[in-house]
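In the two complexes that follow, chain A is the common piece, with chain B as its partner first and chain C second.
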Partner chain A sequence: MVRKNRGYITLFLLPTVALFIIVYAVSLVILFGTSFTEWSAGRSPVFTGLANYIKLFTDDADFRQSALNTGIWVVLQSTVHVAIGTLFAVILSMKEFYWKFARTVYMFPNIISGAAVGMLFLCMLNPEFGAVNSIVRLFGNADYSQNWFMDYATAFLSVTMTWLPYAAVVTILILAEIAAIPESLFESARIDGASNFKINLYIIIPMLRNIIGTCVILSGTSMLQKMDIILMTTGGGPGNATMNLPIYIYKTALMDNNFGYSNSVGVFLIGFGLIFVLLCRNLFRIGSSEH
Partner chain B sequence: MLTKSLGVLKYGFVILIVLLSLGPFLWVLLASFKTNAEILSNSLGWPSSFQFSNYTKAFQIAPISRFYINSVIVGIFGTLLNLLLLGMAGYVLARFQFRGKKLLMGAFSLSLLIPGAAMLQPLYLTVNALGLYDKLIGLIIVYTGFGLPVSLYILSSYFLTIPKEMEESAYLDGASFIQTFFRIILPISKPGFGTAGVMQFLLCWNEFQFAIILTTGNQSRTLPLALYYFKSQFASDYGVMFAATMVVIIPSIVVYILLQEQVVSGLAAGAVKG
Partner chain C sequence: MRKSLYKTGCTLAGMLMLTMSITACGSGNSAENNGAAATAGSGNAAAPAAKAPVKISYLTFRVGTHASAKMEEEQIKQFNAKYGNEVEVVVEEIPSDAAYVDKIKILAASGDVPDVVMGKDGINDVLIKGNLATPFNDYLDKDAEWKAAIGEDALASNTRDGKIWSISDQKQNIGYFYNKEMFEKAGIKPAETWDEFMSNNEKLKAAGFVPLALMTGENAWTSNLILAAMIGTNGDNGKAFMNTLHPTDFNTPEMIKALNMMKELLEKYTTKDALGAGYANAANAFSQGKAAMIANGPWMIGDFSDPAKSSEGFDAKVGVAAYPDNSLISTYEVGYMIGAKTPETRDAAEKFIKFKTGLEGQTIALEYGNVMPVSSEVQPSDALKEKYPIMVESITVAQKTQLHYRTLDSIVYPNVTDAWKNLYPKLVAGRATAEEIAQELTDIAAKNK
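And now, the complex of A and B:
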């Protein structure tokens, strides 16, 4: 059958291969190639060896701050976030009603545009009319007006908070996995006299190792992308308190017109992501054994 | 005692979920019907009368409807193109053995590991070089590519569940390869295409960072950018700003409520891969 269909196989694969080349392969070649050059719009790239990377690691406070923030956010997302999502899942798995309900309501922030989520939180935390300050005022502090996103002390945490609803994806994935655990396992545990708490601790959680590992990877790597919410709410400020690598790439490439340098940050970002994914795969031994 | 406090905790969590997910949304919805003065003086209260004019004003700010149309075009064509191309590739990868298949699969799954942000400048360059900068078709092609790993995974997993006998009998009846794919495989794969299609549509509808660097004029900008650019323009008219925000959000919510089974199974399918 293969010989006869060879032409069709090629025909069916060709568009996707072309797409892959245009979107991914060419980009990677440009990214790596020009990360060793001094290059701005309208000029030709000039090879400068490791100069960009040396500057990156020794003489760029903004980059250090962006990388540090990105790192902290990756860690927060892949721990706190996954823990919250898992906890919700275990609680919600107790009743079919909750599961359907969570699926509907809890997912809302995940399916609307990040720019809109940013806008919602920007309004909620507005110093003049925001709901959060209004609620605080209700409890007596008459002249309360905290500018959550623009105040150096609160900006980082405020931005971090806007990602809490995204734990819903973790919840959904884990709920799906719990639903796949055979009912007979629970029954025999109950017959043996295990409490609900013990069933959670000794049966459900260990069986979820693989999916929790996957969630850690998904949540962590999603932080290597975050740009829309930050641009909407703080723009990376105040100062560079909420700057991360994507925003730094955007700024150096399209605002400072410093293409070569920006691409060396891109290479760093890819490396950062790869190391994170490899670490998680080892840590959770993903794919090594099925339950 | 312990079970009772666990019960309280359980409801506490459910309430927390509602507050976190629905709170901001409902608050902005309510505020979108208020006057400016009400928003400032009575931010938690009910509007004294519903100002539907905020919504008409939001649409009168001309580019919003333009952005809307752009989003619809990019969403529809970005999804159709993605499903067609990845459906074809996914089918071949799921069904046939050929030389270079492993290499191809490896390359395709590599695309999962590359954070989009790293490709901002290179893609800007490519799209520019192809003469597609600031054109909807440029966005459509880029989004079709971004959906590659997820759609390929969902679709080829679906094709694997179709029994081979279906095609064999089609061949015996004299159907060609193309006919078999379009007449036999596509119709029975509707659920797979549904799942991949919803994921892809939401990607197109919500994408921000590439929309912002690949477009410049109102002619080709999409809805998420409307919010970004009007943030400052609406600075003095909060009611209209809130209305505009709702206008952007509501279609996603409607699509989700209608198709939530597909979204949820899509998420689960996309995650198994890790």
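And now, the complex of A and C:
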């Protein structure tokens, strides 16, 4: 039977494999290959061996700061962001009060483009005319308003707040998983006298392990591409306080005109992403279904 | 055995792919793109008399709310009316200066630039180094009228090793605009020395006004104009620095002194949102009467009577002044370059650029974009003078100044221009001294490839 279907399987897989090779594999080979070269726009790459990588790990403070910021954001996104999304999903799954309205409102920031959200926050936090500082000025005699995005003390958190609480995608994925849990399980638990809290804690959450693991991977890896909002709000500043690896890649390639070095950072970013995904897969035992 | 053969095959295929990929990436230097070696005008001989218009690609950022959008639209419209049967300009609109620069650089990396390119913000360097542009020497040698319309100085500013790589479409004479009402209330007049300039700031502040509309986001434009003036007026070394293309050493006493002065301005004499603000914020602060001064060029004049940007009658309150020490930023734009690869498209690109930068194009730019022409033959019409009296004032101020220097944007590497947005906050927050910022600028310039 398997042998009979093998031809069809190969036939249907071919377009995907071909697309993968053309779109991803070739790009990856170019990225990896040119990361060992000195290459700037309009010129041919010149092989320089491990020079880019040696410089990257020994003599580049901006890279270290970018990698650190990226790491912190990945951790925050995989924990706080996913926790907020999960909590919201569990609350919404109870289908109480105006849950459909709440779900729709919660979805809004996720359907607006990153650039527009950045612009919105820039206006809200503007020290001259922003709503937040206007409210701050209403209290007390002294003017406590400040330049949230350009103050070293607040910049990192201000940028983080533009995406961290808006976990609608996580909520929707988890809501779908909750909906797939057989109703008979809840009924049995209720017959045994379990409260809603205990049902959530001992039945729903353990059964969500797979999907939470998937959400952690999705949320964490989204931080490996985060660029638009940061560019709109702080541009990586003040200094390099909010610089991350994608912005560093952009700056090295397009501002320094150093594509070879930029690609070595790209290779590091891919490696970082792969390790993160593998760790999450093992941690959440994604794919196994022992419950 | 089969397994080992399979592994060897895969390895060979991978190596082949890598080699092909790298070779493909470097195709920017192929014979086809050997633009610098091409001779201009070679397409004329082969061109038949009647045939379909030659298509040329042109990307522009002067669209939408851009100050020069009207000018661009009018130039293309008039070009089409005159030469539409010979050349078809395929316009792609990029609604952001920064996005335009990024896109051209990415295209240059693959050796595929548009036929007509505006060489701003380091694009000219990339195209010249990558052998992706055709110099204008042959074209200009055949057309004395066009050469005269641009002028020797403008041509010299874009000449390297005897090759004219781009044609300037405008001269930038940049001083600063001030709010006459606020100046009167503070009892001051435009400063003649930097001490007086700082004292004016203090007097304006004491009178309850914010003295300066500064911004450090984007390319820190309005702040860096003042920084350039501070450096350019600081003796012969300062003037020389501000007229040097691609300075690599920023560790100079002039730069350090100017950075310290800028720190004071950003700390004490500007709006609270100046750190990180974009051009629009600074322009708005001045046009809405929230700040007394803004450093900027004549293209802003139209905004003062635009009801969407300024209050009614605001244009009557605006005066224009030179920087202290009777000095002014005076520089030629990089202008347009030929990126076309075939003789036919090169000739068509040259025709389009000639129209834009010739007397007709300069007139349109002046009338529709308040852009200073490079030729003295092009003068503002009576209607324009009546509509924008401050334009006449700007020209008079420019004629009276004796000391001239360029903008920082026009002399430094693009990665230095990009760095200001992160360095100014560092300076103001006290995370780095002026000396350390100067060293960082030097290091950043050294990173440019």
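Operating definition for what follows: the second predicted complex is superposed on the first by the 257 of 291 C-alpha atoms of A that agree within 3 Å, B and C clash if a C-alpha of one lies under 4 Å from a C-alpha of the other, contacts with A are read in each partner's own complex, and residues count from 1 in each chain.
Here, a residue touches a chain if its C-beta (ideal position, glycine included) is under 8 Å from a C-beta of that chain, and two chains touch if they have at least 3 such contacts.
These numbers were taken from a predicted model, which means no experiment stands behind them.
One of chain B and chain C touches more residues of chain A, and that partner is B. Contact with chain C, but none with chain B, is seen for A:239 once the two complexes are overlaid on the shared chain. Contacts of A:44 after superposition on the shared chain: chain C is touched, whereas chain B is not.
Look at A:128: by the touch rule set out above, it reaches both chain B and chain C. Judged by the touch definition given at the top, the superposed model places A:145 against chain C, while chain B stays out of reach.
Contacts of A:113 after superposition on the shared chain: chain B is touched, whereas chain C is not. After overlaying the two complexes on the shared chain, residue contacts for A:80 are found with neither chain B nor chain C.
With both structures placed on the common chain, the touch criterion links A:194 to neither chain B nor chain C.
In the superposition on chain A, A:270 contacts chain B only, with no contact to chain C.
By the touch criterion defined above, A:257 reaches chain C but does not reach chain B.
Chain A uses residues 26, 30, 34, 128-129, 254, 259 to touch chain B in one structure and chain C in the other.
Taken together, the chain C residues at the contact with chain A in this complex read 14, 17-18, 21-22, 25-26, 28-29, 101-102, 105-106, 108-109, 111, 122, 126-127, 129-132, 216-217, 271-273, 275-276, 281, 285, 290, 414-415, 418, 421-423, 425-426, 429, 431-432, 447-449. The touching residues of chain B, counted against chain A in their complex, run 9-10, 13-14, 17-18, 20-25, 27-28, 31, 39-40, 43-44, 85-86, 88-89, 91-93, 96-98, 104, 107-108, 110-111, 113-126, 130, 141-142, 144-146, 148, 152, 177-178, 181, 202, 205-206, 208-209, 212-213, 223-225, 227-228, 231, 238, 241-242, 245, 248-249, 252-253, 255-257, 260, 263-264, 267-268, 271-272, 274. Listed in rising order, the residues of chain A touching chain B in the complex are 1-2, 5-6, 8-9, 12-13, 15-17, 19-20, 22-28, 30-31, 34, 87-88, 91-92, 94, 98, 101-109, 111-116, 118-124, 128-131, 134-135, 138, 164-165, 168-169, 172-173, 176, 210-211, 213-215, 217-218, 221, 224-225, 227-228, 231-232, 245-246, 249-250, 253-254, 259, 262-263, 266-267, 269-270, 273-274, 277, 281, 286-287. On chain A, the positions that touch chain C within their shared complex are 26, 29-30, 32-34, 37-45, 126-129, 145-147, 149-152, 234-240, 243, 251, 254-259.
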